[in-house]
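Two complexes, one shared chain (chain A), two partners (chain B, chain C).
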Partner chain A sequence: MTFELVLFYLFGAILLGGALAMISVRNPVHAALFLVLCFVAAAALWLLAEAEFLGIVLVLVYVGAVMVLFLFVVMMLDINLAKLREGFTEYLPVGIVVALAMATVLVLVITRYITMDVPERAGPEYANTEALGAILYTEYVYPFEIAAVILLVAIIAAISLTMRKRPDNKSIDPGKQMAVSREGRVRMVTMASEKKKAPRRGGQGSGADAPGSKDESK
Partner chain B sequence: MFDWMMNLFYSLPTVMQILIGIQLIVIPLMLAVAYTTFAERKVIGYAHVRVGPNRVGPRGWLQPIADALKLLTKEVILPTNANRFLFLSAPVLTIAPALAAWAVVPFFEGGALADVNAGLLYLLALTSLGVYGIIIAGWASNSKYALLGSLRSAAQLVSYEIAMGFALVGVLMAAGTLNVGGIIEAQSGSMYHWFLLPLLPMFFVYFISGIAETNRAPFDVAEGESEIVAGFHVEYSGMAFAVFFLAEYANMILISALTAILFLGGWLSPFQGILPAAAFDLPVIGSLLDHGIHWFLFKTAIFLFAFLWFRATFPRYRYDQIMRLGWKVLIPVTIVWLFVEGVLVAFNVGPWFA
Partner chain C sequence: MNFEIPNFLPAVPEMFVLGMACLILVIDAFLPDSRRDVTYGLVQATLVAAAGLTLWLMGPETVLTFSDTFVKDPMADILKIAVYVTSFLVFLYARPYLMERGIHKGEFYVLGLFAVLGMMIMISGHNLLTLYLGLELLSLSSYALVAFWRDNSRATEAAMKYFVLGALASGLLLYGMSMIYGMTGSLDIAVIAAELVAADDSLNIPLVFGLVFLVVAVAFKLGAVPFHMWVPDVYDGAPTAVTLFIATAPKIAAFAFLMRLLVEGMGPMHADWQGMLIILAVLSLAVGNVIAIAQTSIKRMLAYSTIAHIGFLFMGILAGTDSGYASAMFYVIVYAITAAGGFGMIVFLSRKGYEADQIDDFKGLAKRNPWFAFIMLLLLFSMAGVPPTVGFYAKLAVIQAAVGADLVWLAIVAVIFSIIGAFYYLRVVKMMFFDDPQKGAEEPVQPSGALATALSINGLAVLLLGIFPGLLLSLTHYAIIG
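Here is the complex of A and B:
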């Protein structure tokens, strides 16, 4: 067994173990972290298959951005597990049917390639990024562009659905803040100098005669 | 002597060569981190018209060693009901990407530990992983301040990563390669061939996003002393805290080094193509003027100083201002400049896109 094969089985085992742990642990944050582990192991497998672009982009997009937001939400949620488990037996038959259907499809797909020769190594000149780019922007340019436009539509739709003026929103318009000038905020007044009054006995109420309070009257 | 050492080095097994290479990067890096903390205190000290640390050793030079020893001997306190495993693995998850990213950084010509084809992507992926340490630290601490700090930091990092990625796309368009060494080669010629001029907006966006990604002032709301005590690492003490500290400074040095590589030509000499060729043949001065690691270190030091300078100069951003700057200012700037670059590339505007 070559070193690469050892690595392949190692990362494969981590991937499977992480996936099992993800669906079986009780704590949702732990489950999300196990999913991250799965992504990292899958990225390592892709790197072994010389698909370095896919591997690194998996880490960059899914681990570095999507799962961070996922964790963000999961940490904020107050998940009531008892409520989630309600009606488990009620939905169990439907669940079993769906699971069986998916399992059959998966088995049918996988058994076609259950054994496979170790693929030929591409030489050191092979660059996965270039190869993918060359195919993506020539042969598959229309599907690629259409997918990009669909994603853009989804982004705009999501933003327009959540954008609304809330009356209780106290946020400040930064443009207005930037446009503030001294003239708009400070009013210079000229006035005769104040005479210092003798302090009252008892020390009470001296605040009313503080020099600053006189400015308002002029 | 030198040849003899090189021959010995290449006769070792590959694994040994890689391990020695890692040591050669990590040990100087850790020393640089230690003395960056010292430099920070000195620079900010002088910016505040005071002297800074000057008691430990001659002129205070042993201060970082003393700090490290103090942190090493302190107790690591585990908060009650904290998740022990995640709590202790969070600092490791922060520092590991900060160190691993150095693998593709070329210190001199051909002087990278791993000369990866997709080096730029690798850097982007690893700098985006650092956020996990912060999120996990905040969650595993079982403390509301730590959780608030980690949530702030996560949102900030995800937002600025987009601007940073777009800035890197700009570099990649100009260089035509993802290989970090290749990006430096693409800037050779003279000082005016560096990407600083054609990609000036990208340069500013990259460096500003870099400051935000390292959670440094003025973007350090994740720590926000006045609001959330110390943010995500409020529950950490001793060496566990020190590792967070090391990671922050290692990331600072990394961002400075990358800015120097991507926009100022890394180890390229600024005198190339300006001085006559005979100047580089002079005995000692020639090798100083020529390309080499010293130019890379010098350029990195400039940006590292800027980090410290900004901390002493700018007040902290408010959270909504941070989000506005990232999403409404930096990202549109990069998108506009990507269009401009596309036009420049299409019309072969020299000397950069010829």
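Here is the complex of A and C:
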């Protein structure tokens, strides 16, 4: 057994163990962390297959960005763990049957039907990233562009679904504040002087103030 | 490295729609709310111009480009034009509905245009990747459209259901595609078909396994029984203007998706997928037609009716003959036009703060406005398959195809369930013409604006296409057989 094969089985075992732990642990935060472990192990497997670019991207994008964001969401939400686990034993038999069927077919495909030679090791001058870039922008340029459009639609959808002007929004617009003029705020009212109908306490009832002018000067 | 610059000409309509969608997005951001009609006008003009471009490029030959990921053939041309026409009608019907509810936003049209682009990509997909990405573009736009009325909790709930089940279906689809890629070693539709022909005839379990995933995923997306649970909830919960959209044009694209994937790609495995489609077709016909009877909401009723129509669509395809594919194509185009009219009528009768989404709302429509009761009658007759409307010819062609493929029992089942289904269509007709209007809704309906005109044309088109079915029949015949 070569050293690489040992590494392969080691990371394969970590990947499988992490996946099993992810679906079986009770705490969603732990589950998310186990998923991170799976991604790292899968990235290591890709590195072994000489797909360095994909391996690094998996760590950078999925572990670094997606899962961290996911962890934030899981920690921010108040998840009722007891409710989350309801029906777990109920669905378990069905889940096991489906998983076994999938595993059987996968094993069948790999062992019996796919006959592939061990791929040859690429030389030291071979650059996985360069090869990927060359094929992505030539042969697969059309699917690549469509993927870009999908991301654009995701942006539009996210903005149109979340951006809103709330009526109770208390934020201030400096532009509007600067543009304020005296005319816009104070209203001068000319009116004949009135006699107090009922005596009021305090010195505010001078009579010259128009009712409401106090409100408007706020 | 050798790389030839691909031939861009066949994809000009796609590029035009994409460019216009981005342009309209920018223009819309600078428009005040009162000038959304500019966005609307631009989107409609884009659809008309795209139809012009497609017509200009139309030709009988099959052209592949972009390293064979894109195909332009007569079927693609005709289906794209059907998508433009249906989307044009949908946007036209949707506008007054959105305006009355204060949700006349530019995003509706822009997302709609991106969905149209997704459908065009699906129709012209010649590679598993392109097909999948086109489907995702369409789905993502549709999810956002369903959730688009943010203050409506039912729409939000419908969007959640739609999104979760749609994502599940996409996962299944990708899984199936990966199995087929693993067995054939290619993503190219034509290469897959050639590999399958070259493979020996013995039962190939992994391929069939991959095929099952493909069929299940497509059944999910189309809403065939037993993967239909989301359809009534989403159609009912979404704003009627959006239901109008997701119930019509995407079905045309889904038909193309089935044709490219199952017929062109997995064609040599016809014997395997025929059985699966038969099960889906029979179940869809049965559940769709029977459960529709119990509905009180007309949106839910039409959703179940859609499920039944999907059963007919599968019947045409599973026959496995060119005339079967042509009949299924005829069926899906007829369905899209008729459903646009049906949902358009709900929009037409709705007013601000009042949704005409219950079957009872149609009571006594003949007394309130005889002309539009007549138009609705034509649309319902077409859905039920009553001659001389075009729905009759659509059903006839599909049943003929099934009989031609020695599936007489399936044809009989389809006829029986159509007759059961005719009950709930005719019940609405009876309510419109023989019942009295509900209390508080006796005032006559005032037809106004482009909506009324378009709805009349739509209803009459269903009748005229039924009297002269030859035009559309010869078009679909040309698209499939050449």
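Everything that follows uses one rule, which is that the second predicted complex is superposed on the first by the 136 of 218 C-alpha atoms of A that agree within 3 Å, B and C clash if a C-alpha of one lies under 4 Å from a C-alpha of the other, contacts with A are read in each partner's own complex, and residues count from 1 in each chain.
Simple rule for what comes next: a contact is a pair of C-beta atoms (placed from the backbone, for glycine too) under 8 Å apart; a residue touches a chain by one contact, two chains touch by 3 or more.
Remember, predicted model here, so these are calculated numbers, not experimental data.
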| item | value |
| --- | --- |
| First, second, both or neither for A:Ser171, with chain B first and chain C second | first |
| Which of chain B and chain C A:Leu71 touches, first, second, both or neither | first |
| Touching partner for A:Ala134 - first (chain B), second (chain C), both, neither | second |
| First (chain B), second (chain C), both or neither touched by A:Gly95 | neither |
| A:Ile156 touches, of chain B and chain C: first, second, both or neither? | second |
| Touching partner for A:Val105 - first (chain B), second (chain C), both, neither | second |
| In the complex with chain A, residue positions of chain C that touch it | 1, 3, 6, 11, 18, 22, 25, 66-67, 69-70, 105, 107, 110-111, 114, 117, 121, 127, 129-130, 133-134, 136-137, 140-141, 143-144, 147-148, 150, 179, 182-183, 204-206, 209 |
| Residue numbers on chain B that touch chain A, as the complex places them | 86, 116-118, 121-122, 124-125, 128-129, 131-132, 135-136, 139, 147, 151, 154-155, 157-158, 161, 178, 320-321, 324 |
| Parts of chain A lying in touch with chain C, wherever the complex brings them together | 105, 108-109, 113-114, 134, 138-143, 146-147, 149-150, 152-154, 156-157, 160-161, 164 |
| Of chain A, residues touching chain B in the complex | 29, 33, 36, 52-53, 56-57, 59-60, 63-65, 68-69, 71-72, 75-76, 127-129, 171-172, 174 |
